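The structures come next, written out as structure tokens.
In the two complexes that follow, subunit A is the common piece, with subunit B as its partner first and subunit C second.
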Partner chain A sequence: MSSAQATKNCITLKGSAQIIVEYLKYGIHSILFQRGIYPAENFDSTQQYGLTILMSKDPKIETFLKNVLSQTEEWLSKNMINKISMVITNAHSKEVLECWDFKMQAEMGDNQSADPTQRTSSKDQTRIQNEIRDVMRQISATVSYLPLLDCICTFDVMIHTLENTELPAKWDETGAIVIQNAQAVQLRSFSTGLHKVETVVNYKMST
Partner chain B sequence: MDDIRSSLDNMVDQFNDSITHSAPKKLLFNRLSISLSDDSATLPKKRRMEQESPNCSLNTSNGSLNSSTTDPNGIMQTNKLRAELIETKARLNQVQEKLKQNDKKRRMELSVAESKVSSLQAQSDYTSNKMVRLLEEMEKMRGIESSYKEEMRRAKAELAALKLKYDDTVSKLKNEKAQQEHDARDVQLCINNELAEYRRHAQRADLELQSTLNELEFIRQRHDEYKVRVSGFEELRANFEKQQQSLKVAEERIKDLEFEIQSYTDWKQVTKVSQERLASIPEMDAELQRLRIHNRQLNKIIGDKLLLEEQVHEYKARLDKEEGARAEAASLQVKLTHTEQELKEWVKVAQDHCLANTLVSPAALRSRIEQLLQGDIVHVSEKYASESESKQMRNAVRDLEQKVRIYLKNIEDLNMNLKRHKNFKDRLQRKLRTVSRERDFYKQMVDNFDKDLTMSNASVAEMTQDMQVRYRVDVLERTVTGYKDLCATLDREIQAMRDQEQLSDPSSEDYENVKKELDTLRIENDRLRRRKEEQELEMMQRCLRQDISSPVSKVVHFADNPAAEAYESSKNMFEKLQAEIERLKRHNKKLEDANEQHLNETTTSTGGMTMNFKELNKLRAELESANAKLGKTKEHFMAARKEFRDVVYMLLGYRIDRVGYKSNYRVTSMYAESPDDYFSIALSESNDLALLETPYSETLQPALDQQLAANNSFPPFFSSLTLDLFQRATVTIN
Partner chain C sequence: MSQFNFVSDLQNALIMDGETRGPAPRWKKKLEASLNGSVNTTRSVLSVSYNTSFSGVQAPTKTPGKSSEGKTKKPNTTPTKTPGGGDRFIPNRAATNFELAHFLVNKDSGDKSDEENDKATTSNSNSNESNVQASAHKGERQKLISEVAQVPGDSHGGRILCYQNKAPAAPESHTNPLKVVYSIKTPISTKSGSRYIPTTSERILDAPDFINDYYLNLMDWSGDNIVAVALGSCVYLWNAASGNIEQLTEFEEGDYAGSLSWIQEGQILAIGNSTGAVELWDCSKVKRLRVMDGHSARVGSLAWNSFLVSSGSRDGTIIHHDVRSREHKISSLAGHTQEVCGLKWSTDFKYLASGGNDNLVNVWSLASSGVGTASEALHKFNEHQAAVRALAWCPWQPSTLASGGGTADRCIKFWNVNNGSLIKSVDSKSQVCSLLFSRHYKELISAHGFANNQLTIWKYPTMVKQADLTGHTSRVLQMAMSPDGSTVISAGADETLRLWNCFAPDPLAAKKSASVNSKAKQSVFRQSIR
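The block that comes next holds the complex of A and B.
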């Protein structure tokens, strides 16, 4: 019984990547809804982390996020990602209006193993979920101070990987994004014991 | 609760009372037992005696026994009594034992009862506490219940109010609904009416269209006719033009012929002249010969003249040269004299400067000059050397000055040190003095003690104890005063030291400097700290923005992202819209062209017979609005005019009416006796007023003559007339 309990509480690198990818999925959907990038009638509500989160019904967005997040999970389980940026741009002028950065930081875990695949974390899953819930709440609270997006906007997910990463098919290298007159707000961070995720929102100051 | 407690207290009191009363009861019981035990009628006195002491009773019995011996009758009685006594004694013992047992029992019961009482008391306390708590809870519950009841009442009231409100709203809504239905019906009716009207309109428009089409057809026919006519007309015009051209050709021909005729007459004259000239040819030949000769002569003369001119020119050049040479010679002579003078001066200079016995020559002068130059060089070098020396000296002086300054500073420092040392010395001296005083004092004390000792040794016998004590007191007092003095001096010293410290501290310049430096350093520190904080903030901001991104990263994204799609779609849409704009522009242009053509056609063909209905309506509306505006302005004007006239009438007393189409004015006074009393005045073209004859003016002939003819001005006449009429009117009223 005790051994079963022990294995149950262990989080491996893959599991950590899964947790983060799940967070990213809900976070990106929530941002899409909160920032009004797509019309509200295209969203369905689901329960996650003890919160009601609105998820897009658009099949294009779903497939896009599925593709991106599966690749992200693969890279995350190899600790190859520095940062994931969700960029909100003006659809006509291509001007970057907002950038949600999810900074990934590898942590040593419990056993401090040199081999990252052997690392494990015994952090309680409910605790992690509570931390994620706090971040999600903050994301939905950002609407109060972020500037209104009064144009047709679209979004993209950019992944900051290592230099030597081999790109799979349909993946391109792109340049770094720049926001003119940017203001940054750091939200709470959460950690799975193997990854620490910081969420930062950069937005263009309305003059 | 208090009742319960008081009742419990009463119970306990009763219980205690019962316990306290038990002793007298016991006594009673004893007494009873005793009385019960005394079957015979023993005296209370005897019994008391027995109670007091059994021994005594024995004695008494003995006494009685002794006494009984004296009584012969009582022997039997005494025996009997003795027997009784013994019996009673035995009984008494028994009773006493019983009593003891009872006593024990009592005590035990008492202890049991006490324990019971304490337990009961505890229980009662507990129950009372519980009771109190329960009562409190009950109070609270009652309070809560009452609040709930109130809430219920309020809720009921609210419910009723809400019911009323909603009923009201329902009724209102019903009313509204009914009204809206009514409105809708009205609107429907209106719409139906309008529709019918529109239909009628449409029919009328159709009819009109039909008529216009018919008209158009007719116009076309006429157009065709006109076309035919135009072609005939054009043919005619072409013929006409042809004829005109032929006419022009004929006229030109006539002109040519006339010209030829003229030229023929000219030619005739020319032939005449040429014949005449031909006749005069030999003369002309001779003349020609003569002229040729003359010409040759002239040529020769011209050649001579050219030669002469050349010569003249040459001479002139020579003359110029000569004159230049002469001027040069003069200048050279002037120069020569000048140089001779200079030379003389030089020679004089050389003589002045050369040695007296040597020959005056340029070489000598040169050598002299060289000598002088050498001397100069030597002087210059000496001068430089002296300058450098002076500079060195100055530097040395400066150094020395600096040193002097340093030394002065050192001297000041040393002086300060000296002062300090002096102060210190003073202090030391003072200290020394105090110490010496102390020493003196101690010496004195030692002497005193010595004296004391000697006194105690030597003069003990002579002095009485009292004297000794007094002496000692004196000595001690002196020592005490000495101590006091010492204390005072020490205090003073301490005070002086403190003063000095206070004085010396702020006066020191070093301290001030250090303080200033400290302040500046502090300010610097604050500034740097602030700067550091700013930098940290900026660093944080930058970190957040990831300006300092790690170099070993590349940014990748999924090619099939929504952003790209959106860009693509927006681009497509943009292009589509552009295309549509183009299309619409073209369409618009086409429509405009068509419209223009149509307009042209209609205007040219019908000559404005059919007009655009819309335009007509618009113009009609405009006309109506303009008419309304005009009417309004007219009304305004009339009102203003009336008011103005009234005001003028009231102020000046005359009503002026314009009569007829010419500039004739009728002037009526306010105080006129009848409406027929008026003047007629005409304005001539030269803006002159003329009084015309009226029946009323004839009655006023004398006044007219007097004022109007004399002054040639209307206002005084009218004002005098007004005054006159007014007076007359007031008189009649009076």
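The block that comes next holds the complex of A and C.
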């Protein structure tokens, strides 16, 4: 990054990855709370994006998300991720009940550079935060139509990467998940100027 | 008698094409209309099997502000009025890859589907027959389609990775707290209060075409004992003393009243309409006095403060109108990013509380000049997890504000606006549509939606449930209190208005206080003798 650019308020690919990973962190915690997957007493409220967001304080969940998201950030800053799925499954039958897709799309930024690491975006930070806030609000509003998860549930995060991605230690390759009789609802999207993130919830229609 | 009812019900069910007795109820007509609409769309064999239940929903292209790719051209007839886009959730098929799915379905089922296609084409003239066949194969087809439709478009190439150490499952003892939202059988545990509260409605009024919209405020009760209510595009006045009904106005096709509010004293009614204007009506003369514009979207909430009427709109702004002056617009407050659906001046008229679809409750203090409010909110409360429509100020503690959240929140929260702190939060287990404080008792009444559609009376500040008033068959949207404070009127989405005589002053208590006074006098008299 040149010094001339640094004086402007600009976002690099790394910064964009950071913003998205932060969104994923708050988004996933919020989903865990709003969908009632874990007991409500294991959540603490924090202030973010001008909202009150409930974060799980279960140490196992925290470390799991920390590990997953740090790897995600690394891949995101290399534009190697197509999609991140948060999958909610029945803990006993292993049936997939719900899947939150966060689709990543690389954008050219301002200078349209062919080298992704040189791209920057001058999108206003508060505007990005407001866009994220709107999505977060929609996430908490989804309880009004999503079916009840009336069983002991667990969740997993699957990262859809490019073919040439190397498998890091402690990571596995897995297959695509299928929800029987699914319905999809697309929420709002936001963009950092370098990444566009679309949030879609797929859920099993109750018969 | 019940068995006869059952038999007649059975007969009605058996005679499908028989004449119905009397005109069909409104809900039935609506249902039929929507069914007829969807029947046409379910002609093609493929679409029969997949999510036909949503065919009643309008095509997503008509949704204002919904951003879906490939639909850059929007019809001019549905301009985006909500800032930041629409907020309706409409299932779409953007995530499913139908072209690939179609190919895979045909490939996988091989000769079977060929055969089926043949049958379908031969019997095309007879649509009944093909429908029967379609339903025979419906089960397996549906399964295939649902499996195949989710094949991601970018499945060629790319890996799906996940971390080895999985997150733990929820503890076995855990039950989903959201269950209360979905289950009909929520236990109604009410502590028997110290007084008798009639739990059935005193009177039921029919309110056809009452708009079932959480964001509108369509009823108010004046100090002159007149209830104004908006039904469809009309505004009616119901005189609670005489029972007379009068039509105040009818809006033109497509327009409607979004909010109604009576001035504190007198016959002036403010109507916020769907075009964004606030109209003032003199109801004694049935005459429109003036129209005050200023909003770019519909006005869903209104609140009076003597000569000042504050209006909250879908465009997220609140405007203070001075109804006396020619330049009516005093100030505009931009504290919300989405529709303002709750607006109340405090009982001492020093604060204005506003609630919006952005889950915020803002409190504005009266400007030092005494006209309008300061342009910056005094407090911003963001603890609610859903839209805030229900707001009420405590009559005996002027700095206490009660607010209730929508379906995702279900909490009634109490705020001290002097220091901006949360006093108390109670989970009501159902969406909160309206809140009112009683003037005679230290009590509070809240109106709810699913599952019981009840009104709940709470003791304040202990928040012990006193009574559940049930009767509405759909969510209760609005409540208003009679001028004497004894009766509450509730408007439900079941298109009825119900009157509840739940805060009638206790005659015994009144007598007792009178006797206490006389006793006190007596003792003074005795003291003077000594």
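We adopt the following convention: the second predicted complex is superposed on the first by the 200 of 207 C-alpha atoms of A that agree within 3 Å, B and C clash if a C-alpha of one lies under 4 Å from a C-alpha of the other, contacts with A are read in each partner's own complex, and residues count from 1 in each chain.
Just so we're on the same page, contacts are C-beta pairs under 8 Å (C-beta built on N, C-alpha and C of every residue); 3 or more make two chains touch, one makes a residue touch a chain.
Predicted model only: the values in this text are computed from it and were never measured.
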When the two structures are superposed on subunit A, do subunit B and subunit C clash or fit side by side? clash
Quick check for you: in the superposed arrangement, does A:K94 touch first (subunit B), second (subunit C), both or neither? first
Report for A:L51: first if it touches subunit B alone, second if subunit C alone, otherwise both or neither. second
Which partner does A:T154 reach: the first (subunit B), the second (subunit C), both, or neither? both
Contact-wise, after the overlay, does A:N82 reach subunit B, subunit C, both or neither (first, second, both, neither)? both
Counting only touches as set out at the top, which of subunit B and subunit C does A:R35 meet: first, second, both, neither? second
After lining up the shared chain so the two structures overlap, which partner does A:Q138 touch, if you call subunit B first and subunit C second: first, second, both or neither? second
Looking at subunit A, which partner touches more of its residues: subunit C or subunit B? C
Tell me which stretch of subunit C runs into subunit B once the two are superposed: 91-99, 253-261 or 505-513. 91-99
Check subunit A for residues that touch subunit B in one structure and subunit C in the other, and list them. 60-61, 64, 67-68, 71, 82-83, 91, 101, 152, 154-163, 165, 167, 170-176, 182, 184, 186, 200, 202
Complex interface listing, subunit B residues touching subunit A: 541, 544-546, 549-550, 552-567, 570, 574
Could you please specify the touching residues of subunit A with respect to subunit C in the complex? 34-40, 45, 47, 50-52, 58, 60-61, 64-65, 67-68, 71, 82-83, 91, 101, 130, 134, 137-138, 140-145, 148-150, 152-163, 165, 167, 170-176, 178-189, 200, 202, 205
In the complex, subunit A residues that touch subunit B: 60-61, 64, 67-68, 71, 82-83, 85, 87, 89, 91-92, 94, 101, 103, 152, 154-163, 165, 167, 170-177, 182, 184, 186, 200, 202
The subunit C residues in contact with subunit A across the complex are 51, 54, 67-68, 84-85, 87, 89-96, 142-143, 146-147, 149-152, 154-155, 157-172, 174-179, 181-182, 337, 358-359, 382-383, 385-386, 406-408
